[in-house]
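Before I ask anything, let me first share the structure, which is written out below as structure tokens.
Letters are used for the chains, namely A, B, C, D, E and F, taken in the order the chains are written, and counting of residues starts over at 1 for each.
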Amino acid sequence: ARMLIEKINEKCFEKCIPKPGSSLSSGESLCLTNCMQKYMAAWNTVSAAYITRIK
Amino acid sequence: ARMLIEKINEKCFEKCIPKPGSSLSSGESLCLTNCMQKYMAAWNTVSAAYITRIK
Amino acid sequence: ARMLIEKINEKCFEKCIPKPGSSLSSGESLCLTNCMQKYMAAWNTVSAAYITRIK
Amino acid sequence: QQKSKFQTNVHNLTDMCWSKCMTSKITGTAIDKGENSCLENCVNRFIDSQKTIVKQLDHMGGRA
Amino acid sequence: QQKSKFQTNVHNLTDMCWSKCMTSKITGTAIDKGENSCLENCVNRFIDSQKTIVKQLDHMGGRA
Amino acid sequence: QQKSKFQTNVHNLTDMCWSKCMTSKITGTAIDKGENSCLENCVNRFIDSQKTIVKQLDHMGGRA
């Protein structure tokens, strides 16, 4: 799951932490958790659509 | 020509299909065809300029 | 230092030469030199912070 | 190896369609109906687009 | 090989944190205090963020 | 192998210069005069820029 972790961190860091401060705020932590779940849901949707299309 | 196809699709999908709908509209299809021709023309210009410069 | 050169050129060309003309202007050349120094300073800061964090 | 090619495609499609479809602020863990259909359409139109390009290239006699 | 992995990480972090922190016009060769602390925070928050994601994934039973 | 390095360079230059020069809406198949000279200048200035950087690095005693 190395590539998934890299992609999630890339996308969610960009979205949740536009201005990195001296520590993760609780709002940033919550955003990261939500974003991660959302990214995995998006991955599942894309994966299913791709399988349907190519089979 | 695999890399050319990938690059054209990346650039032209971005430009011609900003909001993907339930099928390709005729405007989107036309844009893709035009964009593809344009990308190949750009590739030729860049290639010629690069050859001239490095030879 | 090949990767460093590639990254510097990518970032500094983007920043210093938004509209490429028929030759490098003196302003663009100065910007490139400054940008290069700045990028290397940023590289050093990032490198030091990363080493401190992972050790 | 075929599995790895499939996974790489899904990773790249998710990356690209995420940027296209998930533009709003993150407020919860679920993707809503509009985002979901945007993601599905994104995958399908991307493949349509690729087929259009390949067909045109063939039509031109594979000059590229 | 470990050296090369380290260098690749530093190159990628510099690339990403440069885009996030060095948004102003280039006017000299030095990075100012604000830019410097932004770069340091960028590295540290990026690693924090990665740890948060890995921990959550483990918590979910490594379902991914 | 040299051919493949050349092709990769042309692909990357086209990608980058396309983003810089072809910013208007797609309305036909031809690239106009302004776009064409932008593309040519983009290639040449990019190589100039690279040479400037390499020269400066050498000047600094290859400290990087």
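By definition in this document, a residue touches a chain if its C-beta (ideal position, glycine included) is under 8 Å from a C-beta of that chain, and two chains touch if they have at least 3 such contacts.
Just so we're clear, the structure is a prediction, and the values are computed from it rather than from any experiment.
J.: What are the chains that chain A and chain F both touch?
T.: Touching chain A as well as chain F, we find no chain at all.
J.: Which chains make contact with chain A and with chain C at once?
T.: E
J.: The B-F interface: which of A-E, B-D or C-E repeats it, judged by over half of the contact pairs being the same residue numbers?
T.: Interface equivalent to B-F, from the options A-E, B-D or C-E: C-E.
J.: Roughly how many whole angstrom separate the Cα centroids of chain A and chain D?
T.: Roughly 17 Å, centre to centre.
J.: Counting in whole Å, what is the centre-to-centre distance of chain D and chain E, each centre being its mean C-alpha position?
T.: Measuring from centre to centre gives 27 Å for this pair.
J.: For chain A, which residues are shared contacts with two or more other chains?
T.: Residue numbers touching two or more other chains: 4, 12, 16, 33.
J.: Chain D: which residues touch two or more other chains?
T.: Touching at least two other chains: 21, 42, 44.
J.: Make each chain a node and each touching pair an edge, then name the shape: line, ring, star, complete, other.
T.: The chain contacts form a single closed ring, each chain touching exactly two others.
J.: Using the touch rule from the top, order the ring's chains starting at chain A and going via chain D.
T.: Once chain A is placed first and chain D next, the ring gives A, D, B, F, C, E.
J.: Give every residue of chain A touching chain D within the complex, in rising order.
T.: 3-4, 7, 11-12, 15-16, 31, 33-35, 37-39, 41-43, 45-47, 49-50, 53-54
J.: Could you please specify the touching residues of chain E with respect to chain C in the complex?
T.: 7-11, 13-15, 17-19, 21-22, 26-31, 35-36, 39-40, 42-44, 47
J.: Across the complex, what residues on chain E touch chain A?
T.: Residues of chain E touching chain A: 16, 20, 37-38, 41-42, 44-46, 48-50, 52-54, 56-57, 62, 64.
J.: So in the complex, the part of chain B that touches chain D is made up of which residues?
T.: 1, 4-5, 8-10, 12-13, 16-24, 28-29, 32-33, 36, 40
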